[in-house]
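I have placed the structure first, in the form of structure tokens, so that the comments after it can refer back to it.
Chain lettering (A, B, C, D, E and F) follows the sequence in which the chains are written, and residue indices restart at 1 in each chain.
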């Protein structure tokens, strides 16, 4: 009996967190190991289920991961690279979209439904959700890679109101009709900003924001937008960390209350982040 | 970290229970030790808070306990007894109502609000909730003791819809205007039946339904309405157990899916009952 | 027949008043003789019934009157006094709350229901209606006597919208959980102000605002907030009249269109005030 | 003061009537002297105003009275008669419709608005309200005189819900597009039946249903549908009384709770009928 | 088959127009030949039907045309004239109102209903739609001729929302209760302005705004409010053109996006104007 | 000008069709040449746009066509065949789903949005729309080919109500979590039946139902369900025609008013079918 009572006590400990997130939107950028490892995958679904049942409105934006490469290999597509970024020609874009919107998106939607939830997989091309324009990398045309111009949240808001969990693949429509691949971090940031979400969580494969990418002990636990800007300006942060922190800052500036970079390799990291006082990863917040 | 992950796993274990009780009404008859012991009192409030946050609609019906006697002693009121039941004259009824509706009711309402919930304390006399008629004990008039004639759930349903927790004291209005004290078990049973509640829970000071009142090992874990009727008919159950099981049967017959007699002396008994598979107490169910 | 036609003509005379109060909130501070005298009590209920039927939304805030003293006497409680005000220790507060919220409040609610209306008795402790803080009298701690800090009208507005008459006892919750007794005049004033009521009526045992408390002929029929302030400043008004007029001024400043001090000893004073051009009592209005 | 208190008492006497008619539809067939005499006209408007303010939903169906003849005379139209009924050729119908829908209808609507009410004058041709077919009198074609085939209450219900008083002229559209004059009594009866009105009142120039048309003392105060049928069958009632009672019976059969034939020549007859226990005129009720 | 495909192509050509007028209000001043010629009458009804079916919200304001004279002749009413304007005494006003509100209004409403639409004929006197004051012509009293003081669009908005087409006759109520005839052009302009309509169309018997009234080739296709003012100021436009262009300018100033003067003698002019790029008539637009 | 008037007349000719399909659901099975030929593709989008603008609620269910084969070829997947049906192993199913839900579905959704409409591409796996079970072909397991067990229309109904056009790919979830390919004809039939659609249209590459598949002149224009059953029973219809007519019969039996087999190779076939009286293809209707 005591074992059960102890469990009940753990439930009761979540009360302050339940109270503060009730009826709030939490956008989750889902990617990395948490999308590959079968145990973690299952736990992410459970965590999102618990969040939904506990009165939170989760919105999922997913990335593509290695699946895209797998398919490009299958069709023996050779790619050119510009500054380490794959040039996305029409054939590549086709595979990218099919994998994102036709495979990964539907799998996440189905896994959530298997837990008894009501989920809907859409892409940024549906319901005028994401309108993009071509993105140039240092002035170079790298094909169908875009950046978000406008976000129309009507469809997401309807789905939330009607008790569905929206699962969104980061593909956008351009006004002329072409499809563009959007970096999933930026898509999540733009969507969270437009929704004025309570929280945006990046499920990543890093411990959080590191001063020194190679030194886990250099983790920054909390950082304000202006502090982050300073770290970028004085080049303390550099390399792959810059787009990540840039996304966080964008979202905070657009009105998201808090942005978290979490280590998705830790079990139940979503629940840990929301329902315990176990701080881990990095919190980016506004200080204006 | 592992400790926190283990906690998250416990949250996740509640998923099947969260799913089945989401948006369902659970009526709780609140009384006994759980209303006296300070630790238990606090836990009941936490448990109800967790239920509410987790999407359940709790409705509280409380009893009076020793407070009524305390006040009768304070005013040095001597009482007559009929078949062990206190004759409730006008002066007694005044004290009963003041204690139930003015003290206990408001205290429970306030305790829930202190947890950040929205609670409203009403009595069965408000909003035409309970209409009563005089109850005779073996043909004898024992004063202002009544039984429920009609339940009008409109006010409760509005409060539930608007996100309030109704806390109800078992006092009813008679059509001619008098006030009547209603046995809290019967009041809870009538209200749960009228609401077609998913569950009715009696928080008691017993282990559950016992074949032999003096032998805790004679606990009946599950019993159907017709089995219960047989135990009454062949006098296996007797004495104080009879009104208790009678209340349960009434509620089940009126459409409550399941009625539980719980031992409120156990810590977090409400959460244990709803969110774990730890069966304890007695479940009464319909077998028609 | 002519007698009946004359009655119809009287109904028709109310048309201009019906038009101006349709769908408006009128807060009534109910106290004094109108709460003691059986004839007056019955008439107040009739008057409120007529108001409700005629499309007005009445909200009742009641006081305690001599009932509280009766109960303190019954339990032989001796009280200390500071500046003529009873020091409200915990035991006293318990009796105050039980009497206000458990006896008087429920009686008024029941009387209105007996007239076929839908009434709900709540206290300021329910639905986060009134949040209080301790009130010091000239720097002295007089126990559980509080003043209103915030009014949350959500519950009242829901009840009004759903066709119920709210009946409110002047007890408030403090953030730390204690209960405080609020002067009923101030409670009514704060509630009327928060509701932006069309009218606030004080049912009193005086003719209205008197320049000389002992001289009924010194009645002031209409007075603006700034005129009233002048009378206070130059000490024309003094003594017990000051808190009364202070309440009126508070309400007007918060947005109540008109505040009336009525003589509740006059039969049907509520109907007279609202549905006839028979001016009596004192009207306080805004002149900013 | 006493005079005013007495008035308040008269208001209070209406409470039981206010309660029983609250949110109920009352259809009034408006015609006869009450539409001609200036004093009565003004009183009818006041009475309807009071009804509306007191929570009743009045629906007015008016007749044409002598105005139609005035206009036919003005244009020097000679009419043929069949069984005492004017043959309504196209030119006559034009005058009938213009008078009913363009003059009387708009005047009643305007008079109600002048009392501060929101009224809308429509004809049975608007919003598909009344669909008619040609009526033959003993097999003879008498022109554009019709009887109601179907009533579509949607427009009336919208107007009632939005707080307007519908004022209806008894002209109907035939499916082929022609306009037909409908006897106003039958139009009111059909509309009241389709609305399942609480009450249908005929404002007439007679005392009520008379056994002997020439003897006012032969007034029948209450009569059931089957009793009325018997009086028709055994020819106790005859002549002009027959269509009147027939209308009443039709309405009752279609679900109107009570139909009253009132003497509209009495001042404030509408208020007398609804808000006093002064029985006058004839009540027709269902006895099935 | 090809013939049918060609028709489908014509439907498809309307897509851009359908998109821009979807859920927009278009006020149509209906008068002139389009109200007299049987073929044109039928086409106007068809055009309005198509507009309604295609998602536009049409609102009709009609004039009176020769019908009023016919009736004045029928009753042998002689009229006096002031500056070419008929002096409208009480008897004349009666005929005007009966013709407008009782004949023409109901005929248009019925014709639309015969096409399967839901139409409601009201006058500006209903639902407090138009409140007028007396209009003096160069200081002279010409009787019951008024100008619009206030427009209350509530009734029209309810009818639109509930899927009805409002048909409005240009008669207004004065606060004292008199009826006034309003020039239909000005009534349409005031109503369109109050509704912030997308478009106001005048169906006239002229080609549009002509610099020289006698020279159709002097048609102005597009003109801004300030250009129009200049043409008035320098007397390029004069005579009967002035009130017409004045109405247009009024409406544009009050927020109507575009005002069209159309030649209603052209078949299907309404559809031509809205659903093709065939520009004809005059467009008045805002240039501020 | 006359050319434009003639166009307006063509618009007006659609009125009876607009009336009968207003606010009705039309399910379109989109496949065949109309999905391949660029001109036809563009016309289908225009036709659906016109339908939507004209007040119809279109729901699109699409097939896969040669795209699936293209991708299987690209990855050099060899397939086994059973009774002419490709055995769908896991790798094949992956390609099928990616092509249907990730490529074709999103392209249709985007094309509709490019016309200014609000469209959302979902698969039968979203929102619990289609639940499937494995389909055996003559007892043989052919892999992930399924048949519809239950249709949950909630998501579609929400999208329709909120003004979106649902575009659905025929992939379903099995309760255990696997994905199944559903024949698009059967998916459309099941969805139309569950929605009680007014019409189900199959856009095919045949003239309609042919008695002799090789003889276009054997086209059946109208056929009832029982006549169709007879043709199947006596083997008049055979081969590939049987599943087609079976789908039609299924839909009609479940409550679709009319099912049309159209020749999608004809330009604007959708508009021709709905907005003209040009009968072509085959109509299947209910005769019970």
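We take it that contacts are C-beta pairs under 8 Å (C-beta built on N, C-alpha and C of every residue); 3 or more make two chains touch, one makes a residue touch a chain.
Because the structure is a prediction, the values reported are computed rather than measured.
Note on connectivity: the fewest steps through touching chains from subunit B to subunit D is 2. Common neighbours of subunit C and subunit D under the contact rule above are absent.
Across the assembly, the mean Cα position most removed from that of subunit C is the one of F.
Distance from the centre of subunit E peaks at B, each centre being the average of the chain's Cα atoms. Between the Cα centres of subunit C and subunit E there is a gap of 56 Å. Between the Cα centres of subunit A and subunit F there is a gap of 35 Å. Subunit A and subunit B have CA centres that are 46 Å apart. For subunit D, the set of residues that touch two or more other chains is empty. Taken as a contact graph, with one node per protein chain and an edge wherever two chains touch, the assembly forms a single closed ring in which every chain touches exactly two others.
Chain contact summary for the complex, subunit C toward subunit B: residues 71, 74-75, 94, 97-103, 105-106, 109-111, 113-114, 118-123, 125-128, 154-155, 158, 162, 164, 171, 173, 177, 179. Across the interface of their complex, subunit E is touched by residues 1, 4-5, 7-15, 18-19, 22, 43, 46-47, 49-50, 53-55, 115-116, 266-268, 271-272, 275-276, 278, 280 of subunit F.
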